[in-house]
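Working notes for the structure below.
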């Protein structure tokens, strides 16, 4: 009667595909959230900046998802992967799927996520997967800009007005439960790291925390570190309640026209 | 080169189907909005009441949409009609698709919409379409309860605290632009009325306004009547920006599993 | 030495005699303070569970994949609101009021069933909650229909009747999925995989802990006729009933140690990871924070409405008084 | 009799001579008050249109049906933000500032193009906006690249370059839909049906109204080198270019009077319902209220961010000063 849960880790190209899928889904879902800012930002320059950052993330997602389809032998396109997978098949961390909050929340998320991506892509420059290394070469410059942008804003908000200081501090606390997941050594990343194609997330932790910590200090803010709970499971397709609605919106038109070209 | 827009009005059973579709879509989309209140109402009794009202609307929708599939010869089920039509094919008025606002907004919408439905179903008791008349027999009692429920709340809120009075007045103004559409004599309703199967919406106007006006008066509120704009086009499938997201959410799972039974 | 609460008799021959005679205690009967407190805590936790339990399923009302299922689900979640109401009313007969209890829920001073801190990831989870979670709840609750405290027992009779209806509906959802497309079957299996162990944890810690030790909570609750069976007995009963249902569904359960034990006449099952239970109970479950935030938001956003209703009721009463005077 | 603004010369031989010589007026040049005011109003309206114009298309970013289209759309809407910025900057060279202009937009004292008060009902509308709305905008804007006011002319050169790119992308969306499934084709046709007439109205009222009468706005703007062609001339040019494009797309246009006139060498077209235009301009369009609400909400929600940025900039400046002192 009994059945042990399936914990098989793929090998070879399938492993590489699974690894690219995680990175691609992070970028795709974050692009989706960033796109929501366009026409809703605090000033027009910021509509443009967040649009730019979203476009960069979307570009990374497209390259990575295309690579997934090449590697896993399924022949799926970037669109098949983005539009025709169900929630349980998405492999992004829960941080990126959280609903758009206020601007401080977005800057807290962006500072952490871009700092994480900066270390990640820097490490992937030497990946044995040439496509992944090429993606990393392009992305590493993009995310440096994202990190810089978030840094500037965290400084302005932290060291701006009383209200902005409070909001920025609250935002740092709001993203806190979602950070541990970024640095979890999931089975796929570990195997990819061992195969010389990926990076063990835990190895990125200290550099990212040091970087973010320095910004937070300079911004006269406090890095919170005590969370009653933490998110888990994004890498195995367990998502938070916001994810289903995000996917419904993203996929609805494509799903409504099976087989159509756009 | 030129092409005149298609303004053909269906006849016979197709007309009856088109008429039932309008009424059914009103009920379906309103049920969808009411369902959003469950677990979010101001008190548990109200979670139950709004759930009940939503269930009644959903029941009406199911009967009416089932009837559509019988009449139009397409053999479509209630689920085909609810889940597999695109936004432009929905025939509900824009009032019911507006996003959930505060509780005062919901009570303003419910008072108007249930008062409209009360007059509508009363008139449909004598429809020559026996199924429609049977639906009306059941519904007329349900919507009397909805109207009573809304009436009680509009009185409490209008004549409650300063804040509730202001919120209720604001809510009456917020729904105002969507009311005219309820009483527009669209081609389908007019033809259905002529065929003895439906009601001309304009004929319901005075009774509804009198009813709502009396409640508003007693609640120490003012019935606003001067709107800079009014909604148009729900009956021909032109919907407001909220509708696409509502449908994405409602249809996503069903669309993601073509042909599946649930 | 002063008498303990249980030893103390509020009215000679009354409470203990009623308990001994398996008669019901009613609100106006005298009762030991600890009995009252134990009941308030238990009934409130139960009521809170119904109210918080609306959320994981309620999240699927807008997305239910057929109108029939949507109607059934709306009615079910609405029933949970109703159960919450009966139970808060039962608690109120013990001299607390609902707003006080809600405040304790909102501020974390009273708990709700930890099972509702797990997320509903797919439509199949709505089925799994009905089948497994309501199934386990019934197992816990049926004995409460004979609870010594009258209002609680009567509320439970109503609740259990509806719960068993919900349990069948959940089973039916999974039955349909398990016989549906390949994706639907996988969805049902995934839900069973995720909900099985948390459902087993709903029966609480094993009967080897402090609470179950002589003189502990369990013994006291049993003596008072509030609890009738041990956690492990109820858990075993649930496993014995549910395993054959899983077989009927054609779903496997995620426990390699699950096998029929002819000698015991029961299903053996694997070790439960109670560390996870405690982690979730202490607040580090996937949805603890979200559930309370959702609940508090609804409550806060509704404050002005409740105030208005009170103000209006006062005005109406004052007008009635004036009219009489 | 006092000289009118146009007759008045601020510096002998300067402004009028530059205009007569088709030279550009630059911010530091003297210019008549009415010229300045006319330009401010026109550039501001143009900038507002870019900013409000982000909404109808922006609403489809989350739902774009392929990642390639999503990227193109995000880039396009972002371009519109950029156009808004160039244009506000051009207006600022005339001595107003952006926050003042935004305030006028938010309070209804300055307008934006009425076309953006129509809703985007389907994905095909994103294509139709690119093809028809951007197409009409380009027709209006290309002559502005030769506008007498330098900063405006230079902004328009950049804008037009990007707009024509957007126009091609819109055409391509419809091209793909028109050759797609039956439902996609219907979607494209429906979009063409709904956007055709509003696009024709983008050229403004016919040249028979007050503004076009001798001594009216049109004549003045032409004399100043701000306007180069009449509304009806531009509209005809647009129809002549667009009808063959519709034929290429395989879409019909919703005008039974549309036919080639060999004699005129132009396409004849039906009468435009300017009552609708005025109704929408006056506020009774399907999305007027929504567009301004959306814009004001974003602005209000961002107020604390802008304040913080200013406060921080002040602090940084103060610290720099201190460091020097």
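Read from first to last, the chains carry the letters A, B, C and D; within each, the first residue is number 1.
To be clear about the criterion, a residue touches a chain if its C-beta (ideal position, glycine included) is under 8 Å from a C-beta of that chain, and two chains touch if they have at least 3 such contacts.
Just so it is clear, the structure is predicted and the values come from calculations on it, not from any experiment.
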Distance from subunit D to subunit B - Cα centre to Cα centre, in angstrom: 37
Whole-Å gap between the CA centroids of subunit C and subunit D: 60
Chain centre separation (subunit A, subunit B; CA means) in Å: 41
For subunit D, residues contacting two or more additional chains: 63, 183
Multi-partner residues of subunit B (at least 2 other chains): 86, 244, 248-249, 252
Chain-level touch network, classified as line, ring, star, complete or other: other
Touching pairs - complete list by chain label: A-B, A-C, A-D, B-C, B-D
Subunit B to subunit A touching residues, read off their complex: 86, 244-245, 247-249, 251-252, 255-256, 258
Residue numbers on subunit A that touch subunit D, as the complex places them: 28, 31-32, 35-36, 38-48, 51-52, 54-55, 58-59, 61-62, 65, 78-79, 82-83, 102-103, 155-157, 159-161, 163-164, 167, 249-250, 252-254, 257, 259-262
List of subunit D residues in touch with subunit A within their complex: 51, 54-55, 58, 61-71, 74-75, 77-78, 81-82, 84-85, 88, 123, 173, 176-177, 180-181, 183-184, 294-295, 297-298, 301-313, 315
Subunit B to subunit D touching residues, read off their complex: 1-5, 86-88, 177, 228-233, 237-241, 244, 248
Contacting residues of subunit D [partner subunit B, same complex]: 59, 63, 119, 121-122, 183, 187, 190, 193, 243, 246-247, 252-259, 270, 282-290
